Amino acid sequence: MKFTYYPGCTLRTKAKQLDIYGRKSLEALGVDFEEVKEWQCCGAVYPISRDEVATKLSAVRTLNSAKVEGEGKLLTLCSACHHVLKRVNGDMKNDENIRFKANNYLALEEEYAGETDVIHYLELLRDYVGFDNIKRAVKNPINKKVGAYYGCLLLRPSKELAFDSPENPTIIEDFIKAIGGTPVIYGMRNECCGAYVSATNKEIAVKKSVKVTDDAMGHGAELLVTACPLCMYNLTENGNKKVPVYYFTELLAEALGVKE
Amino acid sequence: MQKLNELALEKAKTLLANGTVARVLGWKKGELGYDLEPAVFYSESDLEGFIYNAFSGANLSKYLIEESKKEGKVLVFLKPCDSYSFNQLVKEHRIVKENVYTVGIECQGKLDVKKLKEKGIEIVDGVIENVDDVTVISLGKEYNFVKEEVLLGKCSVCEKHLLSYDEVISLHDKRTPKLDRFEIVKKLEAMTADERYAFWKGELSKCIRCNACRNVCPACNCLKCVFDNDASGIASKANSDSFEEKLFHIIRAFHVAGRCTDCGECSRVCPQAIPLHLLNRKFISDINRLYGEFQAGEDDVTKGPLTAYTTGDAEPSEVFGGNK
Amino acid sequence: MDKLEQVKLVKERSGTDARKCMKCGKCSGRCPAYNEMDVKPHQFVSYIEKGDIDKLLNSKSLYTCLSCFACVERCPRGVAPANVIEAVRQEVIRVQGENKIQAEKVPEMIDETIPQQLLVSMFRKLNK
Amino acid sequence: MQEIKKDYKPLIVAFCCNWCSYAGADLAGSSRLSYPAEVKIIRVPCSCRVNPTFILKAFQRGADGVIICGCHPGDCHYTSGNYFARRRMSLLFSMLDYLGIERERTRVEWVSAAEGAKFSAVMNDFAKTVTELGENKRLEDLRCKN
Amino acid sequence: MQRIGVFVCWCGSNIASTVDVKKVAEVLKAEPGVVISENYQYMCSENGQALIRNAIKEHSLTGIVVCSCSPRMHEATFRRTAESAGLNPYMVEIANIREQCSWIHKDMEEATEKAIILGRSAIAKLKLNAPLTSGESAVVKRALVIGGGIAGIQSALDIAEAGFEVDIVETSPTIGGNMAKLDKTFPTLDCAACILTPKMVDCAQNEKIDILTYSEVESVKGFVGNFKVQIRKKARFVDEKKCTGCGECMQKCPSKKGLNDFNMGLNTRPAIYIPFAQAIPNVAVIDPEQCLKLKNGKCGLCAMKCNVNAIDYTQKDEIIEREYGAIVVATGYKPISLENFNEYGYSQYKDVVTSLELERLMNAAGPSEGHLVRPSDHKEPKVITFIQCVGSRDTSGCGKPYCSKICCMYTAKHAMLIREKYPDTEVHVFYIDVRTPGKNYDEFFRRAVEQYGVDYVKGMVGKVYEENGKLMVQGADLINNEQVVIPSDLVVLAAAIEPSPTVRKIATMVTASIDTNNFLTEAHAKLRPVESPTAGIFLSGVCQGPKDIPETVSQASACAAKVIGLLAKDKLKCNASVAHSDETLCSGCSVCANVCPYGAITYVDKEFRLGGGKTELRRVASVNPAVCQGCGACTVTCPSGAMDLKGFTTGQIMAEVDAICKR
């Protein structure tokens, strides 16, 4: 099986290393993948309003590319990209109006009707690679108490994302165990970090991020791991600055011994 | 495509010879090359008359009502559309499933003799079929057609696929239909009531009550039809007035609603070329729209839409058959 | 625009049926930005149902809602308060000159660490 | 539309279920709530007893309108009869409409035993509608009126 | 040819003032088949009935038409009249010329014409009438109660009290159901065990009642008055007749790690156990999954210790077959699983419990002997927060769309009991609405607030999380328009209740209808609330819908009254107007059974002669007249017209249509 890999803007530019770690880890785990040709930004936020179609088109293009270029398995690395692509894909599958308008506009060779599966990197690790296999491939176990930080976009709305239990998820904890760490469970792991509001209202972001980082530390976390560049930014810049925050690909690459 | 005939024949011979089946239900060659008929074959020598080709349009499933009751197993060849009728008949306990050996057979659409005649072909000496086109040999000349030009109406919109069988003979993927099954229904619905009335008056007044539609229909399998039964209050052998043909066709369509698999045999056999399937398809399209997608014969257990309900079903006052 | 028309539009755009709300307040019980809001999540649903849109158009909650979908996730009646907030926000920013972020201000916000995602999403949320 | 004959009176057949609508008709009577004499009621145990052939036969014999009345959905004396009737009649009426026959000549109404006033109102309205439509010519041309 | 008599009633002036009754009688006399046509002032009077009786005898009438008031008024009267004159009562037809004619029309001519048409229509129908006889069937004088909770117990006791034999079939090893687990009951706060256990003992001692615990209904055949039921008595590996319930075996059993279901899994029990001290029967049972002897053959301690040799490791499941006249379904409820409600932390935190678990924690016979401590560290909680409507009134797909009805009251009860016993405990209750209809119910709830100082917060909880050893309950306070966070020691969830999972299987077996929430449907929501539409099946307790103990007991007794009414009859008279399948037309297609709400239609293979000495085996529909209620749904579904309804045949209705449309 071949996956069509979608790095997303942030991880391709600002946080290049995290993308590279992701790729290296995939190679180390023997996953076959190829990057989407000429990909575009997913749009960064899912347009909730029912009358928005134009803002969804770039996501549809990417989804269609995965269908046409590859085997219809679109692999995402960033929670926001994943959230947008997965929900737009749901619209294309279930909302006749949006499907009609989007197809009309894009004039693709063959109509796109949500055929692609949008798979987050973590889902790939869980469902296709298997955490047990990762455990076996680990060369440098993390050996630390790690708090998983889920945030919002991977989990909610759970009916559409279908990622994990929205209030008691386990996937990142299982990931932490697989790379040799000890997961720390704390209440704020699925609370918002402040998101984009941090740009206009830093105060809110600080409140939210400090609450998360304090809670994680209070439960004994020595470091945090997240799957969203924006969460990582907020927790790092606006958090209590006492606990380091890592992107999951970095920890994975380190554990697999492919981080240089 | 000719290979299918060979494989089918070989299968029939083998199963007869090894005693798996006692007889074979298939299609028999006619005199004009296109007038194939359903027939039962009992021996290898009988099977010389067997043929499966682009004219094997007849749905064999209804014949199983009688054939499956007899001693020993019967081998039947089922095209995709026939198999839906087969399932429906099994669901209605009309076929003894245990007595039937089913072989699913590939079908890329069958030819419409009426359309060939319109193109001036009266006699068929041979036919070479491909997935998307067909060559008919008539009086030494070869005529090549794109499938859509000469397919039976039912075949040009067929979306049915091979269901589960004891065995399958299939060499190619099924062609996907280029036309929408409900296109004409939608067209009629878009007309005004007067236009619709004129259309149906024109069509139904052609009816000569030959009962061919009823006799061929796999869903019309009652021991005795209500139209032949004096006690029903609607018995009539022929149309005594212009109302009768409407009554006959409405009631017939209603009786098979939710059970009709849309096999299209009614229209295929109508000598007056009345598009009877448009009545059935109207019911199917309404059922799909009002009560959720339903395909009769897709399996042999699910309750039909007219023997089920939900508390939130549409009210009759909200339901219209076309333009208001 | 006619007020009634505007309410209808916002309802349609939100894709949520405010009448299904049973006024349990779970959305507001779950909201992480509750204390930053003048109009609370459950009130968005209630006001839009009553057709009182002015309170919503002028609410500062439009810019403090984090779009975290916690209210959507937890509503026992399948109502989506966040969608109403978003629909009202669109109503505001789609009006000419109502963009909340000026493009020329963006460069000064950019520093070493700030991710594109943050800028793009902020822009998308606050501008048309 | 054809011209309405001056003293044209339509013929209307009403199938009423025994438990709700027939009792509703009785209540209309005991409350002296009038409706046209053109309406003739046939009592059936349940709306699900009404066979489409009854309706078509009524039209064939000269009826200009046919109405089926049953218990409100959820209140069927036999729990589910009117649900089946609802599906059957929806499909049948839709078919008649599809054939170009006036949709307004057929109707289903849910009338409870307590709704005498509704029964009367429904019958008045239906009779008015059918009178406006005039004689039923669409279902056949050679109707045997003996 | 029939000889028909027509009798036109004046009903004083009720009919006669608008309808020319004499003309009606005269015109109808000319109808073919009519031999006599009379009119009279009051047909229903003794004189009027005598007139009919005499005419029947004098003219040897084969059927009569009475043109009078509604058949709903006097059809039964005139049927009796006909019967007393030797005529089959179903050879009577009524033309309703009062309610549906004279009372609604003013014009004499118009009304008279309509009355004549209605009379003709009745005559046309009558010509096709056939004498009907209602069948009879014997009644087995024994009832089956499925479920041994308070509903089943009450129904069984009442039925037994009337002198009929009753069997209670209960899946668990003891009767008592959910009520046995409760501590106190609202609104009187008397202890559940004190009022329930005497009833359980009554059941055990009543010689009319046979209790089959640890048993399940396997199959149900037959119909009202004559059910044949197979019951599986599961192997309990203890001889019920020998075991004295001394409990010695429980002490000695080395496998003590089984979760104690009776205590909602809050503590453990041995592999051989008696569910609780007052269990009925007071007999041990072995959990085969847990017993060392049964699992790997090594142990046998309990058999060694048993003084009466009651232990039998070789016991097998046993199938018992019995006959019953009536079946009571009393399968009860269970709280829903809370896996969709992780925001309340039930699966994450030990100190988040359900209300039923709290009952056990507060019960003197519970795991903490009535001392309220939190499960995690066995410390007394100082702040307790209740959350109502957990999974009730939820249409998002996570819970149940209905109100579970009992939670408001039991939460008030819990809050009150805690405040009384531990006055320094702070109690908060999050609620959406407090629903307390019922005698002394609202007063009860208000007492919790006014007398006991329970803090009711209007709003729902959005999240429960742990911080510094406290459970932080974050929710909306809609009255104060603020978000509150209450640091609590114990959180109690009022989980929605749902019908026992077994009910679907049982409903299928007895062909009782069931709604989308798996509650059994009653025959009529208002007028027949304790009967299933399927004759002979009765509904007791929560299997029909959420209800509390007082309501359950009322319904259980009502249900028993209905059962007694049925069993008191020696023979059941069946409905005469039933469906009937013409076997020469039926092709056995089975669509009719799909629409029958009563499960009255079965299919049989029947041999038919084909002529020439040949026969054919054919599947045909067969209607059980004892079960059919005569709705006619099957007749329209049948495409071949084989199915018809006596008294309302296709021919009869067609004849009425014909008569009305002739003009």
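Going by the order they are written in, the chains are A, B, C, D and E; count residues from 1 in each one.
The rule is short, and it goes like this: a contact is a pair of C-beta atoms (placed from the backbone, for glycine too) under 8 Å apart; a residue touches a chain by one contact, two chains touch by 3 or more.
All values reported here derive from a predicted model rather than from experimental measurement.
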In the touch network of chains, how many steps separate subunit C from subunit E on the shortest route? 1
Which neighbours do subunit B and subunit C have in common? E
Of all chains, the one whose CA centroid lies most distant from that of subunit A is D
Which chain's mean C-alpha position is nearest the mean C-alpha position of the whole protein set? E
Find the chain most remote from subunit C, comparing centres computed as mean CA coordinates. B
Could you state the distance in Å from the CA-based centre of subunit B to that of subunit E? 46
Subunit A to subunit E: how many Å between their CA centres? 51
Interchain centroid distance [CA atoms averaged], subunit A/subunit D, Å: 62
Could you check subunit D for residues that touch two or more other chains and list them? 52-53, 57, 80, 84, 88
Flagged in subunit B as touching 2+ other chains are 226, 232-233, 306-307
Among the residues of subunit C, which are close enough to touch at least two other chains? 70
What's the complete list of touching chain pairs for this entry? A-C, A-E, B-D, B-E, C-E, D-E
Seen from subunit C, its contact residues with subunit E in the complex are 20, 22-31, 34-35, 40, 42, 70, 74-78
Provide the residue numbers of subunit E that touch subunit B in the complex, in ascending order. 584-591, 594-595, 603, 616, 619, 637, 639-642, 650-651, 654
Subunit C-touching residues of subunit E, taken from the complex the two chains share: 343, 389, 393-399, 430, 432, 458-463, 474-476, 478, 481, 483
Could you list, by residue number, the parts of subunit A that touch subunit C in their complex? 8-10, 13-15, 41, 43-45, 47-52, 55, 78, 80, 151-152, 155-158, 166, 191-192, 194-201, 204, 208, 229-230, 232-233, 236-237
Spell out the part of subunit D that touches subunit E in their complex, as residue ranges. 11, 13, 18, 22-23, 25-26, 28-30, 32-35, 37, 40-46, 48-54, 57-58, 61-63, 75, 77-81, 84, 88, 120, 145-146
